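Order of writing sets the chain letters: A, B, C, D, E and F. Residues in each chain are counted from 1.
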Amino acid sequence: MSSPNTVNPDETTAERYQRGLQIVQDLTDDEPRPASLDALERDFPFLSNAVNAYAVGEIFARTVLDVRTRQIALVAAFATLGLGDFIKIHAGYALNAGATEDELKEIVYLTTIPGGFPRAIQASQALTELFASRAERR
Amino acid sequence: MSSPNTVNPDETTAERYQRGLQIVQDLTDDEPRPASLDALERDFPFLSNAVNAYAVGEIFARTVLDVRTRQIALVAAFATLGLGDFIKIHAGYALNAGATEDELKEIVYLTTIPGGFPRAIQASQALTELFASRAERR
Amino acid sequence: MSSPNTVNPDETTAERYQRGLQIVQDLTDDEPRPASLDALERDFPFLSNAVNAYAVGEIFARTVLDVRTRQIALVAAFATLGLGDFIKIHAGYALNAGATEDELKEIVYLTTIPGGFPRAIQASQALTELFASRAERR
Amino acid sequence: MSSPNTVNPDETTAERYQRGLQIVQDLTDDEPRPASLDALERDFPFLSNAVNAYAVGEIFARTVLDVRTRQIALVAAFATLGLGDFIKIHAGYALNAGATEDELKEIVYLTTIPGGFPRAIQASQALTELFASRAERR
Amino acid sequence: MSSPNTVNPDETTAERYQRGLQIVQDLTDDEPRPASLDALERDFPFLSNAVNAYAVGEIFARTVLDVRTRQIALVAAFATLGLGDFIKIHAGYALNAGATEDELKEIVYLTTIPGGFPRAIQASQALTELFASRAERR
Amino acid sequence: MSSPNTVNPDETTAERYQRGLQIVQDLTDDEPRPASLDALERDFPFLSNAVNAYAVGEIFARTVLDVRTRQIALVAAFATLGLGDFIKIHAGYALNAGATEDELKEIVYLTTIPGGFPRAIQASQALTELFASRAERR
């Protein structure tokens, strides 16, 4: 029987893609699918497939790390690179998976070590916007 | 009473520094203190103090995130930047705090998303060296 | 006789600068000169000269690589760094030099290797904006 | 007696924080405190403390380098990273400490060496905005 | 019939992986397979699969851009990031696909624009090492 | 009469190159010319010319910022990027121009702000090596 943590050579791309779509739906709860993903699918089909079938459908499908830890680690990486839009998406996934706002703030504080103070401040601004938009939706 | 998660205005720098030394000792188990930290203390005393009293003594002292999650997130950030030596130190801390080698390999896999394939490959090489040196010491 | 691929020690800065202006005009077809270049010339004359006389007037004047390949390579470098505005300018030059929209999309797909998925997604957004603005102008 | 260039182990965090606030006030002259710092204090108290007590209260308090040189060096680092908002803040500090607009333009020119031309152009745009907003305030 | 430029939903991971192996063999001519790829396969099987089945087996399989142009663009991206080992591998692929040493030197010169002078100098050192090792093997 | 701070359109590339060579000689005092520059001249003549005639011959020739401040700012930028070899060369230039070892250590401390702690630690290691090699030569 196949494990999500072992590469399955017989799996088709369609199966990986479908699993990716399902995982994104789980990660986003009842939030609307980001419009940027729809534009990708229309204009950059190979990248859309890579995101869904590889990045989400293969990496996020793995279960060695729980969802919350993986999304928190991803937020740490994005924060170090100054990628605010991606911090928001994946910090949202982390919250939906049970992380708390305070845990995400810890990643902001941690970011001063690998990325310096501007990257930490930028990450704090991304989280502030995310928390506000989630508060409005409730 | 003071919490490790609230800034204590009355705390002295010596107290923060001592806490930092204690935390490093806990994180490193019975491993030798990295020589680079000794050179820092002699030649760059301000940076040594900043590492011990601020980065370790204040950030690592916080308990909102558990040690394992924070060190894993830090490895993810270092991997994205291609910082092999720092991956080794902090992946070692993660292992000492209960993370498994397989969990750290997940961060390598994850790194292809924020950092691309070369950064993931470099991180895999850092982990390979770390795992080998720990196997030798046992 | 001098070759564009050999440094000509007798050439003056004015000659390099003039060649740079001519090359930009060729690269941009009948598109308006970006306003940002005019602001540069007024407020940062040394940088404006460096862009025109060195970056364009010397590097872009070389003919070992054809224009299309060089601009495509430059787009790949900018994509890896997340520099959307520069992707747009130089992807436009590539299109004017005969590259197709589909070839530029390949650079987006390629970017997942050296730069990871966020940089590829950002590059896809820059190209989408560029393609739309060119479609409008026609 | 303690020197600003020697770590004082007996100093409290409150003392470092207060010194940081005083230094920011000196650096900003009669300019309003950036709103981003207030949001930090409310929502990310640990980061706010780290900025005030460590980054400003400890590093900027040192006197081995004069204020003007340190702020110019910081602008050079931010320019290389493409951090326009931070260029503006610290170029403003440099101007208040006696640097001239022409000296800051030199950092833009210099940036082509470590960071390439896009980072230099981005830095020129940040300075243009800063100089314009200061001209208006006068 | 399926095109290499359209995602084939029915394709299995084994098929993508096998195609990746074949493409690497074509790209490397009669050069030995880099040892780093073998270590990957043993210790980081998911990453090894991602490199072979996705990065090589899917991206390098595409034919919209010819092999030479894609490898040159990849060298430009790696040069900007300072990734000497990856410059060597992919500049070697470019040479095997018909690029000339002089064309690769153009990418070094070009790199001063997006990445600045140190990245260009580092890339020149990587190419010098690559050219020397290829000259020895002949 | 021409000023080093105004672009002189009538100047030839040979004049700029010769000025660059003279400036490097002044910056390096009686230190040997780095071998890497000789390899550049032979194998990458365009880059060698760009370094000498543009980066050194034009930027370093400017006098709005004094030599010491410009080299210190450059060290700050290189430190943020983790470029140890370039830190050593330009910190050496700064020392030759009258900067003190303690002033350069300040740039290490400062680097924790824009670049985080690993970049500061790497810069400290580069300076340690530089200071040791200069002590030996005396």
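Keep this in mind: a residue touches a chain if its C-beta (ideal position, glycine included) is under 8 Å from a C-beta of that chain, and two chains touch if they have at least 3 such contacts.
Computed from a prediction, not measured in an experiment: that's the story for all the values here.
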Chains contacting each of chain C and chain D, listed by label: A, B, E, F
Chain whose mean Cα position lies farthest from chain A: F
Chain pair, B-C or A-D, that carries the greater number of C-beta contacts: A-D
Copies chain A and chain B touch via same or different residues, half shared test: same
Of all other chains, the one whose Cα centre sits farthest from chain C: B
Pair in D-E, A-D or A-E that repeats C-D, with over half of contact pairs matching by residue number: A-D
Separation of chain B from chain F, taking each centre as the mean of its C-alpha atoms, in whole Å: 33
Distance between the centres, which are taken as Cα means, of chain D and chain B, whole angstrom: 28
Contacts with 2+ other chains: residues of chain E: 46, 50, 55, 62, 78, 80-81, 83, 86, 105, 109, 112-115, 117-118
Chain C contact footprint on chain A (complex, rising order): 36, 39-40, 43-44, 46-47, 50-51, 55, 78, 81, 83, 85-86
Contact set on chain F toward chain C in their complex: 5-14, 16-17, 45-46, 49-50, 54, 58, 62
Chain D contact footprint on chain A (complex, rising order): 82, 105, 108-109, 112, 117-118, 120-121, 124-125, 128
Chain B contact footprint on chain A (complex, rising order): 55, 59, 62, 64-65, 69-70, 72-81, 83, 86, 100, 102-103, 105-107, 109-115
Chain F contact footprint on chain A (complex, rising order): 80, 112-119
